[in-house]
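Next, two complexes with subunit A in common: one pairs it with subunit B, the other with subunit C.
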Partner chain A sequence: MSAAQHYVEHYRELASKLPGEHLPWLRRLREEAQSRFSASGFPSPREEEWKYTNVATLEKKLFVPTVGAPAGATDTNALARLRLEGAWLLVFVDGVYSAEHSVTANLPEGVIATSLANALEQYPDLIEGLLNQVVPEVAHGFIAFTTAYFRDGAFVHIPAGKVLDRPLQVIHFSTRPDGLSVTRNLVALEQNAEASLVETYAGIGDSSYLTASVTEISVGENAGFDHYKLQSETAKSYHFGGIYAREARSARLRQHHLAFGGLLARTEIHAQLGHAAECELDGLFLATGRRHLDTQTLIHHRAPCGTSRETYRGIAGDRARGVFAGRIVVHPEAQKTDAEMSNRNLLLSEDAEIDSKPQLEIHADDVKCAHGVTVGQLDPEAIFYLESRGVDEPTARNMLTFAFANEMVEKIRLSSLKRLVQSELLSFLPQSDIRKDWL
Partner chain B sequence: MSATAKTLDKLIKKDYAPGFVTDLEADTLPPGLNEDVIRAISAKKNEPEFMLEWRLEAYRHWLNMEEPTWAFVHYGPVDYQAISYYSAPKSQEQPKSLDEVDPKLLETYNKLGIPLYEQERLAGVAIDAVFDSVSVATTFKEKLAAAGVIFCSMSEAIQNHPDLVRQYLGSVVPPGDNFFAALNSAVFSDGSFVYIPKGVRCPMELSTYFRINAAKTGQFERTLIIAEDSSYVSYLEGCTAPMRDENQLHAAVVELVALDNAEIKYSTVQNWYPGDEEGRGGIYNFVTKRGDCRGRKSKISWTQVETGSAITWKYPSCILRGDESVGEFYSVAVTNHCQQADTGTKMIHLGKNTRSTIISKGISAGRAQNSYRGLVKILKSAENARNYTQCDSLLIGDRCGAHTFPYIEVKQPTAQVEHEASTSKISEDQLFFCMQRGLSAEDAVSMIVNGFCKQVFKELPMEFAVEAQALLGISLEGSVG
Partner chain C sequence: MLKIENLHVRVDDKPILKGISLDIRPGEVHAIMGPNGSGKSTLSHVLAGRAGYEVTDGTVSYLGRNLLEMKPEERAREGVFLAFQYPVEIAGVSNIYLLKAALNAIRKHRGLSEVDAMDFLKLVKEKIKAVNLDEQFLYRGVNEGFSGGEKKRNEILQMAVLEPSLCILDETDSGLDIDALKLVADGVNALRSADRSFILVTHYQRLLNYIKPDQVHVLAHGRIMKSGDASLALELEKKGYGWVDQLTSAGA
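Entry: the complex of A and B
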């Protein structure tokens, strides 16, 4: 039985328990998505966008959907470690909203931050206008999978002109071995609104599970949104995350993606820019062990005067493989576009691999577009410099690797998140058992 | 329309001078492709049995292959049964000397500016002239033979040097390598064969001039260059075709083998008929070119100036097998009107301390689409491998496209790989600066474009560089605006 058949079978019984079942438009959406998923299954490396990431193991390793079942036991200490000070918090355990762990008190008036399942009860019309509006037109198997089977997710709506002074945090926490969490997150900022949101993905111990999560973001006219994603899943888990954003005129979006965990993890970040919109994408991955970490970005400049900046860094050690693919498309009407992409990678071991695929597709002439990629190792001269000052070689390598990565961490504007990411980074660094008193 | 706009406009709308047809009686096989056609081609060329077997095997392989669709080009389906796979000017049997060559043919080459009479030629270039499916003349054979160099048509090589052919043919581009290479392996009719013995520096530049003349035919030539230890050769190729409303297929294969310390420099000025302004007609140029740096410290350098063809699908590549071998790729690709080009290179690093350089310049005008597609692959064995890639695109006009699709795969931590790309248009400031100093808008544009391509042009042999610059002007004619 193929994976697609397996999930279609399982969800046949569970369909009536999925949220929003009473809404005809949603039922139709889910049915369409299911038939697309059952026809295509999970993507294969024969598809150009999946050339470097083979998810064939998901055909053999089947996860168990758990609709309706109570969430597994939550390790509160682990949760507490991931929490950001002062942030409003939505917690999803195994893909299901946990009101018990969430903190949504004192939200400013008009701001909605709740679970999508709740929102489908309370604001079905609002959701109808937002759900599945920003995902790519030709959605691959994973996206269809989340549309068909999402159990829950975060819903955040910031009304016009509202500026949040504290960040929002969404923690997706997996506890169940062989479990499956399918979530859809929806974020909408109306004009002139401003907010920042941190999504954190993590799990317990070394359990193996699958997380499939799609986040749709729409940023209204002149609104500003900072989005962070910290992927710190367990060493045996599988993760697919899609972040799809659309920016209206003069909107500003900053997306920062930090990936350290998972066995096979992929994040797609797409942005569509309106007139004079700005987009800044930053990212860092550190792949150790036998991890396969994949980051894919796609920026569509669809209107004139847009600006986009992409800065990605990758580190691969041990037997890990890191993949970066970035594509910038400048449509014919998007004159005066200014786009830049930079991708720098560090290879730490003989058995590691880095694949990079930066692409420019330009259909307008009055544009400035550039991209650059490097792949290399630590500078032997820099190692020697540190050694000559009494630092042993492993520590010197560690310091330089940390410094390379830390330049991306420094771009984080939330100090509490910066501290959390630094400690995650250190715990994932190769030879992380060596002394860290140099920090 | 500003002055610059007019100039560019003028620049883009120039005629395709080599677009004439030579009226010749031709010996052409009827359209269609099956095993009998392949047997007929092989029989016409009086080939040994092993060649026929080789062709049939490629053909059977081809039958099971699918035409690639991943390139960023769009064209209607090609009817492979509507093409005639062999066409040769009907004249006497193998001419013994130039005096026996049909004067009409000589005149054709004269009109193209390729005089075949040795005394008229700038000393130092030997030419193999390929007309449709066959080689009609090869110059300077004796002088080259004295140096031990073999330079002849592929058909002759199969007759006179079957062992060399058998040893090397298909060793770089196997018959089943890809759809078009398999097709070529099955039906290739001629091409050039070059063999440079040990320690010989080829005394002159070698050159092949390809000409498609007959209608409804395809050209499938195959070139094989072998450079033995410590030898050097510089090889040039040029191509033109008549103006026709229908599309013609050109699917060539070029294989280069460089052994220890050998160096091969391969330059192309490709000027196949690009089709008219509306995109009618033109050559489909689907070519597989690959060089194998088999020996230590060997070097293969590709330089290409691509101005013609309706569609170009071409990735001259280097397999850097030998330790310390070097691969280079310099390219200028110009597309105008409705031309589409998807071209680039592959650098596969296997040996230690191997180095590769990629410089690609794309110029896109009119409604053309110009893509760079390249692969840099560093395998685990390639310690201290080094790659530098630069691809720049210049856009002229707001309806064209310029795209960059690089692939970088690194499995060796000591490797150093750099890639950079930029896309821009000719800025008003640059033009203003030149014109302020008394240049006409036309000269200013041509100067800026030439400056943009200079890094590549300086790699071309002198004569070709002049031709390339002139061609660049012609191809872009009428594009400024």
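Entry: the complex of A and C
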């Protein structure tokens, strides 16, 4: 039996317990997605965009979905560590909303931040207009999988003109060995609204689990949205995350992706820019051990005068592998587009590998586009300089690696998140047990 | 302090130092002068423990221990300091972090506790004033975007904070204008003490107007051609390095 058949079977009995089951439009959407997933299964390396990331393991390793059951006991210390001070918080344990751990008191009037399951009960019409509207037209197996089987997810809606003065945080926390968490998150900002949101993915123990999560973002006219994703899953876990955003006229989106954890993890970040929209994509991965971390970005300039800035750094050590594919498409109507992409990579060991694939597709003539890629190693001169000041070699290497990564961390505008990311980064460095005298 | 005997060093199978002997006692300042390619920088690098140099013969004893067996960081912790000819720029590691890491590494090695944060800041602010660098340099990446003179003064700042026993200055004077040169010299002179020694590697006599050496050695073709007191530097300045080559042929 293929993995697809396994999940189709599994969900046959569970379908009636998935949220929104009473909504005919959603049932239809799920059924269509299920037949697509059932036909395609998970993506294979034969598909160009999956060339470097082979998820064949997921054919053999079958995970058990969380359906219906309330969230179990949770390691509150592990959760507390991930919490950002002063943020409104939605917590999902094994893909299910945990009201107990969430903090949504005192949200400004008109702002909705709740679970998608709740929202489907309370605001079904609003959700119908938003769900599955921003995902790629040709959705691969993982996206179809989440559409068919999502158990929950975050729903955030910021009405026109509302500006949040505190960040929102969504923590996706996995606790069950061999567990499967499937979530769909939906974020919508109406015109002139402003907000920032941090999604954190983590787990406990050294168990293997699979997280599949899609976040759709729609940023209204002249609205501004900062989105952060911190992927700090456990060492044996599998992670697929899709972040798909659409920006209306003059909207501003800043997305910052930080990936350190998981055994096999991939995040896709797509943005579609409207007239004079601005988009800033930043990202950092640090792959150590035998991890495989893949980031795929795609920016569609679909209207004139859009600006995009993409800055990614990747680090791979030990026997790890990192993948970065950045694609920018400038459509014929997108004159006066200004797009820049830079990707710098650092290899820490002989056995590590990084594949970087920048792609510019320009179909308009009056545009400014640039890209640059480098792959290098730690500078032996710099290592010797530090050694000559009394710093031992492993510490010197870690200092320099941290420094390379930290320039991306410094781009985080939330100081509480910056501190959390720095401490995560340090804990994932090779030989992370050595003293951090330099901090 | 430092005793070098018959030191032979190769780089990529090419002999660079061909039998250097030096005896530097505590409190002394030795100047090593020589033309380009004479092996001056090789000597500094070998003493600091840089990789890529093969010692084929000879010994180096530092405070009674075999220096050549020590790793670079161990030498630093034992009090050997090399002021680089070309200090390395390290983006993302702030100057003050490096100073603190270096100082704590040395303290730990000596069985001392980590430096108190307030004491450390006070010390560093006092020392940075002496080299006439603005305090904001502490929070910039190590040497990142510093001018040539600022880099050299930053080396002197590190030296002042770490208080080494043996200071090796590798062409610290090159590329400095007269004001920066004086600051560097003042930094060195302020550190002179009965139990601290200096090796000044330099191409020009100019620096020695401000730091009076106890001994001057002229290095050429991997050998010390002539040693003498401070007046040797002046003689060399007057006669030029061509004179040294005549000494070679005379000695041969």
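In this section, the second predicted complex is superposed on the first by the 439 of 439 C-alpha atoms of A that agree within 3 Å, B and C clash if a C-alpha of one lies under 4 Å from a C-alpha of the other, contacts with A are read in each partner's own complex, and residues count from 1 in each chain.
Methods note: a contact is a pair of C-beta atoms (placed from the backbone, for glycine too) under 8 Å apart; a residue touches a chain by one contact, two chains touch by 3 or more.
Please read all numbers here as calculations on a predicted model, not as lab measurements.
Of the two partner chains, subunit C is the only one touched by A:Leu386; subunit B is not.
Taking subunit B and subunit C in turn and counting the residues of subunit A each one touches, the greater count comes from B. In the superposition on chain A, A:Ala276 makes contact with neither subunit B nor subunit C.
Of the two partner chains, subunit B is the only one touched by A:Ala370; subunit C is not. Within the superposed three-chain model, A:Glu350 lies in touch with subunit B and out of touch with subunit C [touch as defined at top].
By the touch criterion defined above, A:Ile112 lies against neither subunit B nor subunit C after alignment on the C-alpha atoms of chain A. In the overlay built on the shared chain, the residue A:Glu361 is in contact with subunit B alone; subunit C does not reach it. In the superposition on the C-alpha atoms of chain A, no part of subunit A is touched by subunit B in one complex and by subunit C in the other.
Contacts from subunit A toward subunit B in the complex involve residues 48, 332, 335, 345, 347-377. Taken together, the subunit A residues at the contact with subunit C in this complex read 379-382, 384-393, 395, 399-400, 402-404, 406-407, 437-439.
Across the complex, subunit B meets subunit A through its residues 70, 378, 380, 393, 395-425.
Every residue of subunit C that touches subunit A in the complex is listed here, in rising order: 48-51, 71-73, 75-77, 81-82, 84, 87-88, 90-93, 97-98, 100-102, 104-106, 109, 114, 141-142, 158, 162.
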